[in-house]
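Chain IDs A, B and C follow the sequence of writing; residue 1 opens each chain.
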Amino acid sequence: MQIKPILAAMRHHKAGTVLIALQIALTLAIVCNALFIIQQRTARVSRPSGVEETDLFVIRSDWADKSDPRRIDAQMQADLIALRQLGSVQEASSTNSFPLRGTGWDNFIKLQPDQVKMTTDAAIFFADERTLAALGTRLVAGRNFTAGEIGAQQPRDALHSAQVIISKALAERLFPQGSALGKTIYVSMGRTPSTVIGITDTLQAHMTGSWANPYAYNAVLIPARLLNDYTYYLVRARPGQLAAAMRDAPKALYAQSRMRIINAKDGVMSFAQVRRRAYERDVGMAILMGIISVVLLAITAAGIVGLTSFWVGQRRKQIGVRRALGATRGDILGHFLTENLLIGIGGVLIGAVLAVGINLWMVAQFEMARLSLAYVVAGVVALLLLGQGAVLAPALRASRVSPVEATRSV
Amino acid sequence: MFAYYLQLGLRSLRRSPMLTALMVMAVGFGVAASMITWSVFRAVSGDPIPGKSAQLYTVLIDNRGPQYNDNGEPPEALTYTDATALVAAGKAAHQTLFYNVAPSVLPEGNQSLPFIANGYATNADFFGMFDVPFEYGGGWHASDDAGRAAVAVISHELNQQLFGGADSVGREITMDRHTYRIVGVAAHWDPKPRFFDLFSGNAFGDPVQLYLPFARAVDVQMDTAGRNNCGSNADFGVGRDAWLHGECVWVPMWVELPDPAAAKGYREFLTNYAAEQQRAGRFHWAPNVRLRDVNDWLDHMRVVPPESRISLMVALGFFVICLVNTIGLLLAKFMRRAAEIGVRRALGAPRLEIYHQFLVEAGTVGLAGGVLGLLLTALGMFGVGLLFEPEIARLAHLDLSLVATTLLVAIVATVLAAFYPTWRAARVQPAWQLKSN
Amino acid sequence: MLKMTHLSKVYRTEVVETYALRDFNINVKEGEFVAVTGPSGSGKTTFLTIAGLLETFTGGEYHLDGVEVSKLDDNARSKIRNEKIGFIFQAFNLIPDLNVFDNVEVPLRYRGMKSAERKQRIMEALERVGLASRAKHYPAELSGGQQQRVAIARALAGSPRLLLADEPTGNLDTQMARGVMELLEEIHREGATIVMVTHDPELAARAQRNVHIIDGQVVDLSEDPRFHAAHAAADQAHG
């Protein structure tokens, strides 16, 4: 393949060459970053929650009368008994919050009472002896709460936290060397210490914002019912009976007392819904970037087809002359493929620089991660292949130009 | 001539259908992607109270000190102590404070079930400061705040739900077992972003349903349904009273200061207040106060979701690529007609007329692209729920201004993209045409 | 009407300079019918493109209707082309996207004529070439002779003072060529100045005056020995 005549032809079509190269460069820059965003978001979405999610659902019950705490406490215990008696329900527990809820109660965790800065941050989950079973989360060390240890408290009371269970990630963060079991930590703002009696397997916090990434798996279980204006019930259905249990549970609660409010819209949510809600931003972003990437590649390919077809049309006579002078179809095909490859290489070189530049800018603006070079390489290969694919049809048409064209005047 | 060129342009659209389709699609997709993401972006980044955004300020005081504060920044709301003291001082033209409440509302009649309504416990100044419009009645008076009156203002929507939209001023509403007399029904009001309630993350939350006096709500121990931030302070005590008078922040406060001089004066007052707290031994640090106006506050709280910004950027980049694509295709389309240009020039068309003709032709491509873009944008409005969470997605809507912008952007962008190809077309030498024979 | 004195046209590339016209002199009077002949590459077409203000020249002077044109800008040249000159090309050069009516209309559009007047002129011109009934047809639907007559109608519609024809019958068979030629003669009788480039001696013979170009210069036919050789060669080539 001779490069010289191709370069000459490109010089002749300077504008078109530059436009295609520019388009390839910009497409590469955007598609690389879009794919990277997709990967980042999907990675977030596919993080484990540490919860056995199938057959799990949550109910929020607001107290309509905001009655006094003792009555709320009695009602909660009665509710739990009613829920556990349902045939479709395997386990039920009360809590203030749960993994992936989005909002909730988080406390700074310290190792010393006088410590100025926190050691880390963690979600506060009020739990009872059944909470871990309801979540389907195992203990990796220590023991569960006993029924006798479960207290009851109002939000502004001192935290009922003499004994706590903490998540594995939190344990490792607090005590990188050695086990956290039996150690003392400070989970309330006060000077009252808490003893770690158990460590769970992976358990995700309620926080889903990116600010909370370092704390995403930090959770502290407090052995108490929180007597607040509302409560959540974590309910595990018997295997395969999720739908039935989600229908039965609110009825059972209303049968207990009508002075409660279970929002028709999102008062009862399966954990799948909880997960969807927690990550809809991420999923939406991934979908948008996906759509944009696909359409962008299609438009770039179409642009290459359009412009190359025009060149072929313009050069029919020239091609005819070459054919008359003995160029084979393969030569003509090779000419256009090579021309496109050269333009493509020019484009991807600029594009790779742009891709990294855009990423660096986004890193500065949006606290995003650094673009992995693998994406740039993959993008480069993809765009070069796309270019070759797009140019194939017009190039084949060019290769079929008859040598007779040489003699024909336009 | 414009009509002539428009006619030629439309005819030319049909001449090379493949090229035309490619260009129309490029412009259409490009403009649609930009418009969909822009419609979201303009909703989340707009000025929520245009006439007043430079006169409303949120008041912040560092009650934690350099050891505990957030890199020198005071916490994002005030303590109950500071907020009530500053409002009582009344040094601004108007001042308000509030916290989020979510009482259960019991409708009249035995059949109805109670429900939770979102609202604010606030003072009389709130309504005037934030331009709350009224359908019936009005806000309560400062005397009601002082007298801890059991009065309430409800939203248009809540009035529909409870009273079927009738004038309910003077009637009663039961919230958390207490009754309140309705003094006003607000007309639909839902500024976005809800600049004054960023502390609790309600920038794009559901519309407010009711308002009741701050002092009254505190009296009946209505707890905050919003954020409560105690920072990393040492022990803040046990029980409601200790919390109420402690150093946890949960009360946003706003003042209205009509001009920069007033703002300067208020800032001095605030500094003096903090200095006083220092002298009294409550703060062990020099005064550290902030007075942020609406836009400053929106910026500081980064209220525009990064997703919205990133998607707008990516969509704009996408549009640019579509336009580069269009430049190339227009070049092909125009140069394919070099013969026609040569003839027109020979027959006496000045360069300007060639520009005119081809720019108008590009404009028709842009118009067609704009129409496609409009369809795609309308389609995208249905799909926007897939891309953004509901409270953001519902802000995006296709209104007249978006329709006009879509068409205008498509046409202007295509005409701009056509400048280079048109310049090339106008450079075609008439003689070249003769020679080629 | 058309007067060139010591006119030269040089094509420059990076490597060579080529004289297309050199010390070129010609004077066509108002109402004349001049045929310009010469072998291929002699500069006939270059002369015509310069005469028609389609191209600029390198040196010398060119007066068109008493105006020295080398100083005119592109707009003024366009205006003269539009108002004073009519072109007839060998390849007709109709715009394929436009029908007969719209093709004839093109020069009138650039003159900013009112719609009614345009319509009247177009129909008159088409009447004249006998194609009024084909106004709505597209060029591709017409024969070569018809297309050339449309092109003539287009040239006539603007009532130009000067008609420039470049091998107007070059792409036509004998019978069609005769028709076109008769049309040109008729137009000439009505007072138009016509300059026609051709290498067909038979056609040239029907003009009032013949100008012969060889190597970019006008030669005197009777005195230049080169003429006879060239003429013979042309006869051979086209005979």
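Definition applied: a residue touches a chain if its C-beta (ideal position, glycine included) is under 8 Å from a C-beta of that chain, and two chains touch if they have at least 3 such contacts.
Bear in mind the structure is a predicted one, so any value in this text is a computation, not a measurement.
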Report the most central chain, judged by the distance from each chain's C-alpha mean to the global C-alpha mean. B
Farthest chain (mean CA position) relative to subunit A: C
Can you check how far apart subunit A and subunit B are, centre to centre, with Cα atoms defining each centre and the answer in Å? 25
Calculate how many whole Å lie between the centre of subunit B and the centre of subunit C, each centre taken as the average of the chain's C-alpha atoms. 67
Can you compute the centre-to-centre distance for subunit A and subunit C, using the mean CA position of each chain? Integer Å is fine. 73
Which positions in subunit B touch two or more other chains at once? 437
Quick check: what residues of subunit A touch more than one other chain, meaning two or more? none
For a test of understanding, state which residues of subunit B touch subunit A in their complex under the given definition. 18-19, 22, 25-26, 29, 33, 37, 67-68, 102-104, 106, 113-116, 176-177, 201, 223, 225, 230, 232-236, 238-240, 242-243, 305-307, 309-311, 314-315, 317-318, 320-322, 324-325, 327-329, 331-332, 335-336, 386-390, 420, 424, 436-437
Name, in rising order, each residue of subunit B that touches subunit C in their complex. 1, 4, 8, 11-12, 15, 339-340, 342-353, 429-431, 433-435, 437
What residues of subunit A sit close enough to touch subunit B in their complex? 15-16, 19-20, 22-23, 26-27, 29-30, 33-34, 37, 62-66, 103, 108, 116-118, 154-158, 189-191, 228-229, 258-259, 261, 263, 277, 280-281, 284-285, 287-289, 292, 295-296, 299-300, 302-303, 306-307, 309-310, 313-314, 362, 365-367, 409-410
With touch defined as at the start, can you tell me which subunit C residues reach subunit B in the complex? 45, 48-49, 52, 54-55, 74-75, 78-83, 85, 87, 89-91, 93-97, 106-107, 109-112, 154, 158, 166-167
